[in-house]
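We call the chains A, B, C and D, going by the order they appear; numbering starts again at 1 in every chain.
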Amino acid sequence: MIRVLFFGRLGEYAENGRMELTSPPAPGTAAALRDHLGAVDAGLGKALAEPQVMVAVNQEVVDWDSPIHDGDEVAFLPPVTGG
Amino acid sequence: MIRVLFFGRLGEYAENGRMELTSPPAPGTAAALRDHLGAVDAGLGKALAEPQVMVAVNQEVVDWDSPIHDGDEVAFLPPVTGG
Amino acid sequence: MIRIQPEDFDLAEEYQQLRQGGAGVGAIVTFTGLVRDFNNIAERQGASVETLFLEHYPGMTERLLEDIIREARDRWQLSGVTVIHRIGELKPGDQIVFVGTAAAHRAEAFAAAEFLMDYLKTRAAFWKRVRRGGRNEWLDMKDSDRMAASRWQREGKQPGRDGGGQQ
Amino acid sequence: MIRIQPEDFDLAEEYQQLRQGGAGVGAIVTFTGLVRDFNNIAERQGASVETLFLEHYPGMTERLLEDIIREARDRWQLSGVTVIHRIGELKPGDQIVFVGTAAAHRAEAFAAAEFLMDYLKTRAAFWKRVRRGGRNEWLDMKDSDRMAASRWQREGKQPGRDGGGQQ
């Protein structure tokens, strides 16, 4: 199972800003997960394609070609606006 | 009358760090006052000759060739060490 | 010390904490961020704003802040560092973020506090939204914040991945 | 606001004062200088130090501080500035100087606070002495302070005589 979290403006595309997938979409990279979500929901796909969106796997920001394994927590992060 | 004030390490050359002169030593510049004081007290003269010592007339830092008039307050200021 | 909390904080308490760093503490810098007028924040016209809300990524936020503080301690000699960031609903004038640094000399304390704030604005996992006219609007990062943070980066390094070394 | 006083000051009170600048205040920076271990300050070995004493030039000190604050307000948009400097006898750990700045944005508040501190160290009419073994010793300005202050000077201008303009 993959736990997917959406923060900031991305949160509106999933109830409570989160969803669960039974397994990582092939070929099992962060980019594949992003593309899979975009295929299901075009609005989300467009929001995730914004160049400043980052992906974190298990709370660590990673490259889009990083692998995703069963049990991972994947988070999509728009640009932060803290402080 | 000229009121002369000495601050910091210069204060030890005058009781309570101050003295009074009846008139500005000729030719009536800050440098002339400094030289006059140095002629009276060699130790003070040496201390005033330190390149970082500044002179203020009526609480305004001025050049050594600035004039001094009767009634002025002249202060000799070693480098400051505030804060 | 890192705290992420909905509760307000007390500058005086945090300051006293930083003062406890021993006889070597000569300089304490505090930065406090306050919520400015909402409509100013949202930076465009429209219905008036009802609330400001801060979301964070629990777990990851703390990890990022620990990284940031470790980096500050690598760069400067610090006897104390405190970072507090509030989450949840805030109103204008509320305290939102606190950074406090203690050091022997003021240059270190100032640089570290500014560094931490620049990174908090650009790297820590916080998102601000305003609610107005019944709708949520997420705020964008300001270019000025991006530029401020980039000062600390060294050539040939990834943003936020540069280790020790002075600016 | 400028205060030169033998009395201690209360950071929390000064902070609350700076917070009263209205809905536009988004950033408050405070700097507090503490008296470090005396022997460290004197920076050489010998009899142990008994007291630290701060002398100032009443009247001129206030005038210089007013100039410095005016210069800071020319350079940066500030909604509040407070400078407090203590005089008289102090002991290790005592608060000696306070600078507080309030502004819409943190960059201004930080820069102004640092600027004011650099100038307080090098331009304001304060002199520190220590007493040890029954003798008074005046302390010298540190090269690091001279260098810090020189950052703010612009080419072709006299030290401390440069008016407005950003760094």
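Here is the rule we go by: a contact is a pair of C-beta atoms (placed from the backbone, for glycine too) under 8 Å apart; a residue touches a chain by one contact, two chains touch by 3 or more.
Computed from a predicted model, the values in this text were never measured in an experiment.
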How many steps does it take, at the fewest, to get from subunit A to subunit B if each step moves to a chain that touches the one before? 3
Based on the averaged CA atom positions, which chain is farthest from subunit C? B
Averaging over Cα atoms per chain, report the distance between subunit A and subunit D in Å. 50
Where the CA atoms of subunit A average out and where those of subunit C average out, how many Å apart are those spots? 25
Can you list the subunit B residues in contact with two or more other chains? none
Residues touching two or more other chains, restricted to subunit C: which are they? 33, 117
Those chain pairs meeting the touch criterion are A-C, B-D, C-D
In the complex, the residues of subunit A that touch subunit C are 5, 7-9, 11-12, 56, 59-60, 75, 77-83
Tell me, which parts of subunit D touch subunit C in their complex? 10-12, 15, 19, 23-37, 40, 92-93, 104-107, 109-110, 113-114, 117, 144, 148
Touching residues of subunit D toward subunit B in the complex: what are they? 33, 54-57, 59-60, 63, 85, 96-97, 117, 120-129, 136, 138-141, 145
